[in-house]
Amino acid sequence: MNFVFWVGIGHAGTLISAILFLLRQKWRNGIARFAEGMTIFAVMTAGIFPLIHVGRPWLAGYLFPYPNQHSIWVNFTSPLLWDVFAVSTYFTVSFVFWYVGLIPDFAALREKTSNKIKHIVYSIFSLGWRGSNKHWQNYEMVYLILAGFATPLVLSVHTIVSFDFAVSIIPGWHTTIFPPYFVAGAVFSGFAMVQNVLIFVRKIFNYEHIITIDTLEKMNKIILLTGTLVGYAYAMEFFIAWYSGVQAEQFTFINRAFGPYAWAYWIMISCNVISPQLFWFKKLRRSLVPMFIIAVFVNVGMWFERFVIVISSLSRDFLPSSWAYFTPTATDFAILIGSFGLFFTLVLLFTKALPVVSIAEIKAVVDGAQPTHKEH
Amino acid sequence: MSSSLTNFGYQQKELPVKVRNIGLALLLIGLVLAVIGYFVEPVRSMFNNIILLTFIISIGLGSLFFVALEYVTGAIWSVPFRRVMEFLAATLLIVPIIALPLLFNLHDIFHWTHPEVMKTDKLLAGKAPYLNEEFFIVRFLVFAALWILFYYAITLTSKKQDSTKETKLTRRNIKISAVFIPVFALTVSFTAIDWLMTLEPHWFSTIYGVYYFSGTVLAALAAGTYAIVSLNEKGYLLKGLDKDHYYSLGALLFAFVNFWAYIAFSQFLLIWYANLPEETIWFLQRWDGSWKYISILLMIVQFLVPYFGLLSQPSKKDGKKLKFFAVWILAAHYIDLYWLAMPTFSKEGFVLGWIELAYPILAVGIVVLVFSLKSKKSNFVAIGDPKLKRGIEFKL
Amino acid sequence: MSEKKLYSYTALFNTPDEIIHAVEKVSEKGYKNYDVNTPYPVHGMDGAMKLPPSKLGYIALVLGLSGMMAGLLMTYWMSAIDYPINIGGKPIFSFPAYIPIIFEITVLFAAVGTVLAMLLFFFKLPNNSHPLHGTNYMKAVSSDKFGISIQVDDKLFVKEEVINLFKELGSTEINPVYYDEVEINYKNKIFEPKFIMFLVVAFILTSGATYVTLNKLMFMVPFDWMSNQEKVIPQSKSMFYSDGFGMRTPVEGTIARGHIPYPYKGDLEAASAMPNPLLPTKENMKLGQQKYDTFCSLCHGYHGEGDSRLRGQFPNPPSLHSEKVRNWSDGSIYHVIMEGQNIMPAYSSQLTNDEKWAVILHLRALQRSLNAKETDLQ
């Protein structure tokens, strides 16, 4: 549950960075670096959870196909294993994407700094980048290729996460719309989280001219769109659950709305479906305090969505003898809060040590940056 | 209509009469064959009719969706050819006529229209509040009315803007489009469910609406791309529409080919994996006998070929390649709809005869004729649109 | 210190328009060994420099396809050939289930591979000792200026011409760049022995640390927190029970799955009424022969004649072809196998009930072979 939540947050980062790049949306440049960093940290935080939920974390190596004494290989048909490949690929590629973007910035820092140690560190990380146009040409192509790969990767990772649930036969879990629904949900919660954090960043660093209200408004429009998609998925699930005539399925949905976890369900609906609809109003899209609050609601709602999916379906599955009311223990809460702590610690370390805004990209889109090809 | 050179060099031309004549000819040939088909093999013809209906809806509704999307996102690059999509959306006006023979013959097509079945089959009886003839017809008529309403609302405003050039008309269209998009989402899903999914009333899939949506977007894009590139080559659109615009169209086509494959694969994998007989039956039917070959053909034709064909940057900018793949993708979409609908009629294997060929001919005829008639009295370019200049100057 | 050689002449410009114009002119004049340095990519520069299009797209494609092949081969070999396991009834090579993994591996190979190819082979990075490093030129072009550097080894290079050209183009800062002969190293830095050594050391350290952590640390307090669990594992003690034993005997009356207690214990007469439920089919005869040869033949001999292989370590049993045995019913023989007789131990646990009946069939066949009747020939 927490795993899905954090992976979802990670997706917004790649979405902003890669997908908006492919769509040539210039407004991404101000926030791309930060968003990619968030992705990496969110995925790292998310990665802790599979280790916890496999039950024997010291055997985590078993998840990878390496030749071993048991002469046995991993079970490739299992969606948990698809997760292993998907999340590790996602982390690796996001990290590479982020790093490649950082190389020219490290070079700029290397040249600007007078501190000897920093100079050495930046030199190492910049790999000796010279800003040579022969390199820029290939660099841009590779950046485009990476963005082109990161996009299907984002979609596939959350799709595979959704497969964890959807390939089962449990009512409420086994439904074909899960993949696009999860992807839309990930984008939804991710953008809300990014928007929340960015509002702070721009205040603290005085980046109001880079991370403009226009940028924030565009993000809010995406929150509105994806929230509506999530609402559509809820409606479709509900309709088909009735239409299918499968009693277990019909029961599951009635149970969600009126059973022991109804409180979680209605929090989810009001936060996910109703609150983003407020973004139809331009005023709310462009004012800082309302948009911040709405985004917080969205984050809460999306956490509860995973809660509702996982727990309400499991607490009332096929075997009535296994029906029980799950109450998270203090340990569960501690782990959840700890994960937020880890995530924000990493984010803050990042803001301290590295350029939060991608220098080279911003320089490239500032007015007067590109030749006008005027005759002289 | 004005043909002044101050409109960015746009000179209003009309499509040559032969285009309209080709459309008319194809329409008549298709119509005659279809009518004969109705007498010779009525049920088979009705299934083909459903395929035709859903195909035309995809093109019309998808095109209207694109127009609405452009307004809502504030896109600039597509403004120079938005009007072409508006013309394609006019096929929505014909949709009720295409559906007419079906609405009178629901009995022969849908299992759930038979009262004896509804009495004995408990599962179907449970669905009766939704699956009954009256509600079905009402749903369809409401959807068609909504579509035509929004069509006129958006396109009339756009046309008005040609002469008045008021920016408030753009704002009005943005508002209308924003309302249209959720309406579109729901109507496209329920159209697919009603006409295609209920052919197998015991089967269900929550992603079905999205699946049809992906095909719809592909079809509209493909039809639009073909029209845009052809018109541009013959000089009907503005100068300055070039490689950068083509690239955007090509990239969208490529992206949606991938999207279709993704949705199709998710639906398949989840049902295959869980192996529940009530769900797998649908796919097993499409693997029975010679349907196997159509399933494999679909994968190759709607995914593999266009994927590799449109992968490289240069091929997305090449007008000839774009036209080729546009037609290819339209054909693939038709085969997709055929694969969705026909196995219910012919369980042992696919049927391919003159009846099956009549309907695609009819489809092309309808689209070409409607396009040529609509474009007769209007400009091919939305010359009143305030974003037009930036749209032409659009560079990647 | 070895002597400093001239590497190139550099010029700085202030606006993108200026640099594009300058580059066009430089390229027009025919210079080939020159480079342009900018803090960010300037649109149109590739065309101005007349650079051939980048080949990295093809490399990405090739890497992607090889990733796909690698994924396919890996999943196929591991699941269908090396150690096939039946999981939930899914086909041994469940291709649809492997598609997500193959897709991920494709993307991984293509993305990471292309970046590595670009950095290591195309750019020959990391390289912090390029002549342009450490110069004011580099400082400027990393910040907000644009520069051209024409190298000495260009065929058309003549110092005065180059300086004049730069002045013509409007550059304000024209500087020479010198380099140390020993510094310049056109070989790929990545293959230098120092770096390889570093990699080897890093590898040893990492694998050592992993080994220590997983095989030693995880079993030490307090890191063994999940190794010692509350549950009772076989042969462990448990304070839950008063006698401290974790292993408990089964409840009175428990029988093994598939086992039916022998109803005729000690009762030969009742047992002799049991009919042989097996028909003398080929499989049953074969089974009987197999089991007889395994369990019975070492005392009774392969043909039931009592010629044991035990060479006197155990007394030879009487022949099974005697009248007495031939006249015993199948049920009696079953009883003897089940409970033993005289010195013969019980074979109730070595053979399943069906196997016992099959052995009896085989025994009957053996008996018939030495006491065949004429009617058998028909």
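Going by the order they are written in, the chains are A, B and C; count residues from 1 in each one.
One rule holds for everything that comes next: a residue touches a chain if its C-beta (ideal position, glycine included) is under 8 Å from a C-beta of that chain, and two chains touch if they have at least 3 such contacts.
Computed from a predicted model, the values in this text were never measured in an experiment.
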Central chain (by mean CA position): A
Chain pair with the most C-beta contacts: A-C
Gap in Å, rounded to a whole number, between the CA centres of subunit C and subunit B: 46
Separation of subunit A from subunit B, taking each centre as the mean of its C-alpha atoms, in whole Å: 33
Distance from the mean Cα position of subunit C to that of subunit A, given in whole angstrom: 29
Numbers and ranges of subunit B residues touching at least 2 other chains: 269, 273
Subunit C: positions in contact with at least two other chains: 57, 97
Residue list for subunit A, restricted to those that touch at least two other chains: 152, 159, 163
Subunit B residues touching subunit A - in the complex, by the definition given at the top: 123-124, 126-127, 130, 178, 182, 185-186, 189, 204-210, 251, 258, 262-263, 266-267, 269-271, 273-274, 276, 278, 396
Complex contacts: residues of subunit A adjacent to subunit C: 56-58, 61, 65, 71-79, 81-82, 85-86, 89, 92-93, 96-97, 100, 104, 107-108, 110-112, 123-124, 127-142, 145-146, 149-150, 152-153, 156, 159-160, 163, 360-361, 363-364, 368-374, 376
Interface residues, subunit B side, partner subunit C - complex: 265, 268-269, 272-273, 275, 311-313
Touch list for subunit C against partner subunit A, complex: 15-17, 19-21, 35-46, 49, 51, 54, 56-57, 60, 74-75, 78-79, 82-83, 85, 87-88, 90, 94, 97-98, 100-101, 103-105, 107-108, 110-112, 114-115, 118-119, 122-123, 125-130, 132-133, 138-139, 141-144, 214, 218, 226-227
Residues of subunit A that touch subunit B when the two form their complex: 22, 24, 152, 155, 159, 163, 166-169, 174-180, 228, 232-233, 236-237, 240, 243-246, 280
